[in-house]
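So that you can tell them apart, the chains are marked A, B, C and D in the order they are listed, and the count of residues begins at 1 in each.
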Amino acid sequence: MTYSKDFLVKVYRDLAELRMFEEKLVEAYAQGKVPGHIHSGMGEEAVYAGTLATTKDGDYYKITHRPVGAAVTLGVSYETAFSEAMGKSTGNSGGRGGINHISELSKGMLGFSGSLGCDAAVGPGAALKIKKDKTDNIVYVYYGDGTSSRGPIHEAMNLAAVWKLPVLFICQNNQFGISTHISRGSSVENPGADRAAGYGMPSKIVDGTDALAVYEATKELVDDIRKGNGPAILEAKAYRWRGHFEGDQTPYRDAKITEEWMKKDCVKIMEKYLLDKKVVTEDEIKAINDELNDEMNKAIEFADNSPAITADEIYDNIYA
Amino acid sequence: MTYSKDFLVKVYRDLAELRMFEEKLVEAYAQGKVPGHIHSGMGEEAVYAGTLATTKDGDYYKITHRPVGAAVTLGVSYETAFSEAMGKSTGNSGGRGGINHISELSKGMLGFSGSLGCDAAVGPGAALKIKKDKTDNIVYVYYGDGTSSRGPIHEAMNLAAVWKLPVLFICQNNQFGISTHISRGSSVENPGADRAAGYGMPSKIVDGTDALAVYEATKELVDDIRKGNGPAILEAKAYRWRGHFEGDQTPYRDAKITEEWMKKDCVKIMEKYLLDKKVVTEDEIKAINDELNDEMNKAIEFADNSPAITADEIYDNIYA
Amino acid sequence: MLKTYAQAIGDAMKEEMRNDDNVIVFGEDVAEFGNIFGITRGILEEFGPDRIKNTPISETAIVGSAIGAATVGLRPCIELMYADFALVAFSEIYHSIGKWRFLHGPEYKLPLVIRMAMGSSFGAGAEHSNCVESLFMHAPGLTIVSPSSAYDAKGLLKSAIRSDNPVLFFEHKQLYQTKEEIPEEEYTIPLGVADIKREGTDVTIIAVSLMVKKALEAAEILAEKGISVEVIDPRTLAPFDKDTVFESIRKTHRVVVVEESHKTGGIGAELAAMIQEEMYDELDGPVVRVASLDVPLPYNIEMELHSIPNAEKIVTAVESLF
Amino acid sequence: MLKTYAQAIGDAMKEEMRNDDNVIVFGEDVAEFGNIFGITRGILEEFGPDRIKNTPISETAIVGSAIGAATVGLRPCIELMYADFALVAFSEIYHSIGKWRFLHGPEYKLPLVIRMAMGSSFGAGAEHSNCVESLFMHAPGLTIVSPSSAYDAKGLLKSAIRSDNPVLFFEHKQLYQTKEEIPEEEYTIPLGVADIKREGTDVTIIAVSLMVKKALEAAEILAEKGISVEVIDPRTLAPFDKDTVFESIRKTHRVVVVEESHKTGGIGAELAAMIQEEMYDELDGPVVRVASLDVPLPYNIEMELHSIPNAEKIVTAVESLF
């Protein structure tokens, strides 16, 4: 495929932005600014950058706990995202929901659930609205390799397929559900793609460290879905670089394998591609990253200086 | 395959017994002797008669609400079964559980759940005991075509496959879940077999009105499971002759198709086979049926004359 | 017009579907079959297959997709058949629905209704007879409606469908065929407002769903014995109309709560605890609970009837307060 | 020896696994990783992969297979990680486990334990912090244990594993690292027996799990103010030890219930309702509840702390009774 410079730079920027967001989050967490647990998605950014290069206005998204930075790829402001992660009133839910609920409806985000898989059918549900409106929009539903074993995933896929809904299920196969390797969590090698036939859906498996490969595979499936041909599954293989949560020393896996995977750095791969093909210069790369760095630092400062909600306000968003 | 007379007569007897049990149940229900709802399994008897011809001592079973008479095929006495169906103290749970819980542990029955699918993993659980004991026993887990869409079915199958447990899942595809044809309840034509590959399991589809065909297909899968090769799925296609429950006038389906299916009467098919091959005489057939009829009538009378438990006794079987 | 509770519910759905084409219906066997109790009959014919759909047997997907649909502006009025099956989608209802707005921010609202048929019905057994409202009362964010009559059911369901908040709507199987006069003209009943089903001065009975009928029977018997009973139907269990109840207690000083769920941890647990905590000085005795026994509901019909409340048990409970 | 609550639980499992080779352990991340809190560390090494297994992320299958295993004579001691996730297997626990024996007859028993980590833990948020014991108290047939100390946790878990009845075992995350002297020699604590954690004469505080610690703090403060507090830890919520509680009430005539779940429909709802119903004449005031606010637990830590009970709130509640 041939790409425009704009397109390639946008994909690169999305990758760099997501990586940086994840880095800043880890840093803020280490500084004690972020409560609870975070789940770093470093190493898996291309799954989002690649798939989300296929979207159009009016599409909907159901993301996951890893990487939550995907919210900024979808357009949530850094201020909002970091504020929510830091539990501040300036976050999208005012710090009520927190790190796993950085979500903005105006950006097409449907929200997500801390009980894995319980939100899988939210995608098919939103797709009913698309069907009613007779647009060619679609819903992107992300889920992990580990989560593929949960019942609601099965129910959501079957429902989407029976009703021929415009939904793309994206299995982010980072090979682990906490400490459990996918070979012990799933009965098949490809917990996304190998199940597609069982719902009469098409599927593709793609290298989740190569954003353009992800884009191309997604595009094929998405074009088909937009035509009204019903749901599909994309499985993207990547690797979780860090522990499941910060502090996890990953005693359950071979550090050498992790090192190998870290060489397949999706941001670097894209950077190299852009430089090799002379799409951008080193300076341009640096400018992009500097700008991101600046803006994110400002956003973190903003979040840091934002207040928490007050005791009375915790009742505010329960009933509409 | 060649069969001994004993074997063939046993399969025939199981079919005739199950059919008659279901007939008597419908009759007793019409007479107001059975509370709640019953789900007649007429037309589907060969699925049980055929699969259960492959069992050996020490195997376990998780049956379904249709036909509950499968409990007698597994050895529960007519007295116990009818008593439970009629809510009497002489039933297995003393009429506490009722029609959908006719179950005897000493016959290998694991019990079942009125919330469809919630009992699917009970089979894999029992299989852990078989593994511990290192026998070549297996667990038979039955479920309906409609139930195939429930999440716990997915979780149970994946677990059984990951742990390579000796479980045969039997999808009783009678083409309907209440009023919903399988084409609207499932995204694939064969909701049992078409999903097997998604768990790395072998599978077979068989005509569920032909007891010997069911037996042969089951036997192949079961032999493999007993060798330690892990779980499998058998899908048997039959048709629900009567309404979902008594009183259901089946406005949602074409009576002509029902008539066609009723010509494929699994009991008559087996009877004809036995007579054509001269395995038995008409007199022998009659003798078998007369004996069944006699015994069941006596059992119903016994149940009829049995008392209900008393108010104090309802607390008895809550805690061990 | 005289209508059954079942018809009143069906009518409410149809009227709201005419009012607003964002209202859609899905669930198991709701389309051609018109639901296993006949409630949704006629909807398919009038509104077509885009507005009412049979689902697979997939309760988590039914509830989950209602969340998604409601998030983006549809108004799903879904059904889970038996209320017992709400438990297979418990996390979706308890964690997701109840907390969706709180967790994601005020842009998010969930205008959805989950209809369920509950209660004992002569041998349906321990997994098809449960009254589970109390389990959901513990969840912040839910509106819980449990109507006791055809008139109320219609007016409350219409309000539920119009509500921008998620509503659990519990229908009692034994009420489906009960009839009541329903006005020709449109009406709604506000959520969160209790109704005094009978006025009285000596004791307040708070009764829910079918138990309102039993309480009214008991009130008749007690009237003959010279005890004047006020029967209050909360209609909405969450949010709960304390005002109406407290006003009654200020008059009667005695309270009995009647419900069909198990006694331990039931509706009466919360109401008794709350009332004695907030109205202690007004009470002349304990808040007494009449509820189902703490046993799985037995299949045998005699034992089933023995396990659930009836007028006689209510009379005894009331008399214990004098 | 001084042991943490976490170690005490791990020790109980290991001892029982040594005692009886039918005891098996499975759940998410319990094997190599030793569970996300380190509780099951060392079990894989000692007992091997046939006795302890990681499962897929499949809570209904975890619970469902425990039912099957227990039915045929194994004694599974399984885990669901966060107690919040019990809600995704709610039907399996509530309908199936609680009713299995009742429904199928006395041949059937379910010697199984479900371990879960519950409670607030500094920003874990609304879906990883819930205390959900009260939801299960409504279910007939379950035994519910919620220990407040390392010593109790060990003795109770050993009894739970030996019990022929299904037990839900709730562990509080904030207690995991608390230490207590644990005897070298084997001991068990019977299920269904409350423990008086502090004797007193003026008021009875019934406190559950971590709230026992908060209640003891409050008792100290109140002692200085001249109020003598008796703190009772029920340890087992079902079956509930009424005797110990009632005896205390006969002495103090005042009761406060402290729990971490939401107030509405929580543990205190049942206990307050039951106590005022059965001990009305002994009470000098209402049974007062101290519980978490009826809001999804906020992520922001200040707001989280604001939402749950602490010693100060308990002191205020007790003082309201004088």
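The rule is short, and it goes like this: a contact is a pair of C-beta atoms (placed from the backbone, for glycine too) under 8 Å apart; a residue touches a chain by one contact, two chains touch by 3 or more.
Given the structure is predicted, the values throughout are model-derived calculations rather than measurements.
Interface repeat of B-D: among B-C, A-C or A-D, the matching pair is A-C, sharing over half of the residue-numbered contact pairs.
Note on interfaces B-C and A-C: more C-beta pairs are in contact across A-C. A separation of 45 Å divides the Cα centre of subunit A from that of subunit B. Each chain gets a centre from the mean of its Cα atoms; for subunit A and subunit D, those two points are 36 Å apart.
Separating the centre of subunit A from that of subunit C, both taken as means of CA atoms, is a distance of 40 Å. Shown for subunit A are the residues in touch with two or more other chains, namely 96-98, 101, 113-115, 118, 149-152, 155, 158-159, 162, 184-186, 318. Residues of subunit D found to touch two or more other chains are 56, 58-60, 84-85, 87-88, 91, 95, 102-103, 126-127, 140-141, 295-296. On the side of subunit C, the complex with subunit D involves touching residues 84-85, 87-88, 90-91, 94-95, 98-99, 102-103, 125-127, 134-135, 137-141, 238, 261-262, 264-266, 268-274, 276-277, 280, 285-289, 294-296. Across the complex, subunit C is touched by residues 60, 62, 91-94, 96-98, 101, 103-106, 110-111, 113-115, 118-129, 131-132, 139, 151-152, 155-156, 158-159, 162-163, 316-320 of subunit A. On subunit B, the positions that touch subunit A within their shared complex are 149-155, 157-159, 161-162, 184-188, 194-195, 197-201. On the subunit A side of its complex with subunit D, the touching residues are 34-37, 87-88, 95-101, 113-118, 146-147, 149-152, 177-180, 184-186, 251-252, 308-309, 311, 314-315, 318.
Against subunit B, the residues of subunit C that register as touching in their complex are 28-29, 32-33, 36, 54, 56-60, 84-85, 87-88, 122-128, 293, 295-296, 298-303, 306-307.
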